[in-house]
Amino acid sequence: MMKTSFILSASLAIHAAIVAHEAEIESLDRAIGDGDHYINMKRGSEVIAGMYNELLALPEDDVLNKIGMKLLSTIGGASGPLFASFFMSMAKVTKQNVADTPLEVAAAFAAGVQAIMQRGKAQVGEKTMLDVLVPVSTQFTTLAAEGKSSIAIAQALKQTAYQGLESTRNLIATKGRAAGLGERAIGHLDAGAKSCQVMIHTVCDLVIKGAHE
Amino acid sequence: MKKFINKVDNILTESLSGFASAHRDLVTFQLDPNYLTRAQKAQNKVAIISGGGSGHEPLHAGYIGYGMLDAACPGQVFTSPTPDQMLAAAESVHADKGVLFIVKNYAGDVMNFEMASEMLPFEHATVLTSDDCAVVNSTYTTGRRGVAGTVIVEKCVGSLAETGADLASCKALGNKVNLRTSSIGVALTSCTVPAAGRATFDIAETELEMGVGIHGEPGRKREQMREADAIVNDCVQAIVTDFKAKNLATNQEALLLVNGFGATPLMELYLIYHSAAKLLAAQGICITRSLVGNYTTALDMAGASITVCLLDDEIKQHWDSPVHTPALRWGR
Amino acid sequence: MKKFINKVDNILTESLSGFASAHRDLVTFQLDPNYLTRAQKAQNKVAIISGGGSGHEPLHAGYIGYGMLDAACPGQVFTSPTPDQMLAAAESVHADKGVLFIVKNYAGDVMNFEMASEMLPFEHATVLTSDDCAVVNSTYTTGRRGVAGTVIVEKCVGSLAETGADLASCKALGNKVNLRTSSIGVALTSCTVPAAGRATFDIAETELEMGVGIHGEPGRKREQMREADAIVNDCVQAIVTDFKAKNLATNQEALLLVNGFGATPLMELYLIYHSAAKLLAAQGICITRSLVGNYTTALDMAGASITVCLLDDEIKQHWDSPVHTPALRWGR
Amino acid sequence: MMKTSFILSASLAIHAAIVAHEAEIESLDRAIGDGDHYINMKRGSEVIAGMYNELLALPEDDVLNKIGMKLLSTIGGASGPLFASFFMSMAKVTKQNVADTPLEVAAAFAAGVQAIMQRGKAQVGEKTMLDVLVPVSTQFTTLAAEGKSSIAIAQALKQTAYQGLESTRNLIATKGRAAGLGERAIGHLDAGAKSCQVMIHTVCDLVIKGAHE
């Protein structure tokens, strides 16, 4: 399932999706953050898309690790080290156990999300990207354990990601820049949650499309 | 957005190149990863390194030089720098007495410096600055933000490091200065992040943002614009309340820093100083050291912050000692 | 208009009081008539006095101190001070070697200083600064305006006076520096005079004013906004053309001052510096001295000016010599 | 004609007239100057109006001289020394020869205008207050020499002042701040000319009103 070719296709699709959502992502971080999240995501996804040829011949875990390292030195801000930790941690799990079955991929994904939680010292409910990533990861693992097909899982996760994003709307932020805003953050979606939802949506679509081909 | 720029993507390198060239006797600029160091490497001292998103100039690169920083790592505008910059800077200025990172307390800065620290092959420590008292409910959050008080921390720690003090002492002084320093900011306009091309927030001619940070994030509260004394009084009260909450005695000497965010003229900053010094005196805080100007900015934001640092003999000594950097210079 | 003020009528005294209190080791402020002097009166030297309308801070009061001015007379915002201020200041700082007025060339400043001079009971002389090369057709007018180059004149003359040089020598050096200095300014926005309460001129997001002075007067030409290199190139060409018109050889060392008008961030000023230094080098002018920041402002105007001073050994010596004022300090 | 009481009434009327013309005067100096001319005129005329009681018992030449000195230390800018020179010079002439007849007043006025020309090194046609003051002065002297009545002179001078003001519209400025503007000054009236026109108009009205009483 998670072949190098898939990872690289996903990276191109993610870059395109981020760019397509410029206005939304940008305005969210402008409303309750400092307005740079879109630029950060674009800079990061662009650089990874540009590594396509360089990564094509490498094994999956190497690809994931190189993506993590590159994001670490490219994005900066809060999202940089978080996404970097995600990929570097996924790489470690994938190296030990090539992620082939949905259950294996779910385990790698869970390890990535775990790394974000550790690096950011944050939990669900703090109005961050974790409000998307944690429920998605939990459901991913559950559905995979139930033996659901990739396509069914992908369809479900799109939904979950969207719900996670929406859940940030009525939260007070206790992590990230919006934490300075107190109640003024209520009513706004979290920017990092939005870009995670967009990325998950994009990758799920890729899985669905791939399964149909 | 009207700015003196060529391509948005090149602002940082062009500006930093100009900075390094204008101050070539003091600083050297390395590209990719970006960092700046003193032109002459210092020996036998703890290497003091700071960094953070760009857009706060002269913070931090303007404070490189004798008596202050050894290196600075500038990130993209309002975006924390990355660990590779910090590692390269540390590698370059490290002089066998360890490395002290001075980091403003923002999730991004903290995490990037943390990851750099984890990879650093030599002795190191970190001072987190968190002087912004605007976010009152601090148990709730990851802690207060580091704002203009960072300059005072960098000045004092830099001075101590120059004496050959060890890493632990430098860190301890940094923490002490940070504890005794409290700031709060007021914005009259938003700033415009060049890559975004438009103002981060909208604000009416009759409004102000109380308790803003230095990134154009909205503040704690949108309030009605009012006369300077009334605004300054609210700021001074917040600062005094903060000192009391920290159990710091306020009937003592203090340093008053009135910091412009970038678009507020000196005339207004000195008027704020006048007002703040009077109000602080009424609270028993006697201002014996002063700094007024643009020291920690938020691009082109109109607004200002007030910072008070409660002095003791050690802090006074290290504030007064000679410093020679592009943005702060005295005694040599 | 959003500004940190209490009553419009009190801005100046409140701001000057804050200034004098923040720098009480260096300056003393006298009210009614308003003037500021060094905190310690200097002896055995020509007394150097400047003054002009307020709103250009740190000009001139920020340059009072060792190696620069003995006194400054601040007028109302953008309005020349009055002769009684100048007489009182001269009376106070005069030390038996005469008084030199450094005056920016504006009708108002010239006439007020002239009337003061006519009433002055001791030896005196005046240096008129006129570094602004924006007004090309100068035979037409009362002559060019004095702008940011005035800082260089004050620094060099102040340094020479400190050596005990006589009045004529001080005046001669002032005239020489002024002759060898050329400036031009660009505004991206208007400023707002507090008493007027609104912007002096309107300007679109796509426009700039080329060749502005420092009072929010419209410039020589309204032009399309364009990239920094193109703007800077036009400025550099104007300056080089001016030097040529004055028969000054340009293949020599120079000082480059990139001056912000009040609301332009350092990041952009250093970018302008980068661009200007490159373009000047292409014309054979090699920048060996630099100053970048808000040194001669126009309240809250966004914009910047570029000043080039062609150096010789004497000017270099007096630029490099120690100075200790609120706004310019090095060497002590 | 030019008694202390008249001078002081005129000073009150001028102050009121300046304030009444705030918008016009202010916008003219904002358009091609630095925007402070109204504030300068208001500050000056207010201070003089406030000296009413202090001046009431003094002889005419003393009053004029005190007004000049006070303006000198109050207005600043270009207009301060110019108006100060005007009054101080009028005072000198009045001292030598009490200005009683229209001809004597015209001579004192002419001396004042002469002082402005000397101090400002300017002539008619340079787009300054002189474009009002010089023709007014010339005509004042002519009409007085012709033996015209005060009221006839006052009526004529109002007209001349207005024409002088209008004449500044199509001039390029070669003195004062507008000199930096070149052709851009064309189409705008000069602010100092405007306040002189307003003041002359006001004083003439006072003369006319006084003659009718």
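Each chain carries a letter (A, B, C and D) given by its place in the written order, and its residues are counted from 1.
Simple rule for what comes next: a residue touches a chain if its C-beta (ideal position, glycine included) is under 8 Å from a C-beta of that chain, and two chains touch if they have at least 3 such contacts.
Keep in mind the model is a prediction, meaning the values are calculated, not measured.
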item: Relative to subunit B, chain with the most remote C-alpha centre; value: D
item: Between subunit B and subunit A, distance of the C-alpha-averaged centres to the nearest whole Å; value: 32
item: Separation of mean Cα positions, subunit D and subunit A [Å, integer]; value: 76
item: Inter-centroid spacing, subunit C versus subunit B (mean Cα positions, whole Å); value: 29
item: Every chain pair meeting the contact rule; value: A-B, B-C, C-D
item: Residue numbers on subunit B that touch subunit A, as the complex places them; value: 33, 53, 75-85, 106-108, 111-112, 114-115, 132, 134-135, 137, 140-142, 145, 193, 195-196, 200-201, 211, 213, 215-221
item: In the complex, subunit B residues that touch subunit C; value: 1-7, 11, 14-19, 21-23, 54-55, 57-58, 62, 188-189, 205, 208, 225, 227-229, 231-232, 256, 262-275, 277, 287, 290, 292, 294, 297, 299-300, 302, 304, 329-332
item: Residues on subunit D engaged by subunit C in the complex (per definition of touch); value: 26, 30-36, 39-40, 43, 72-82, 84, 119-121, 172-182, 184
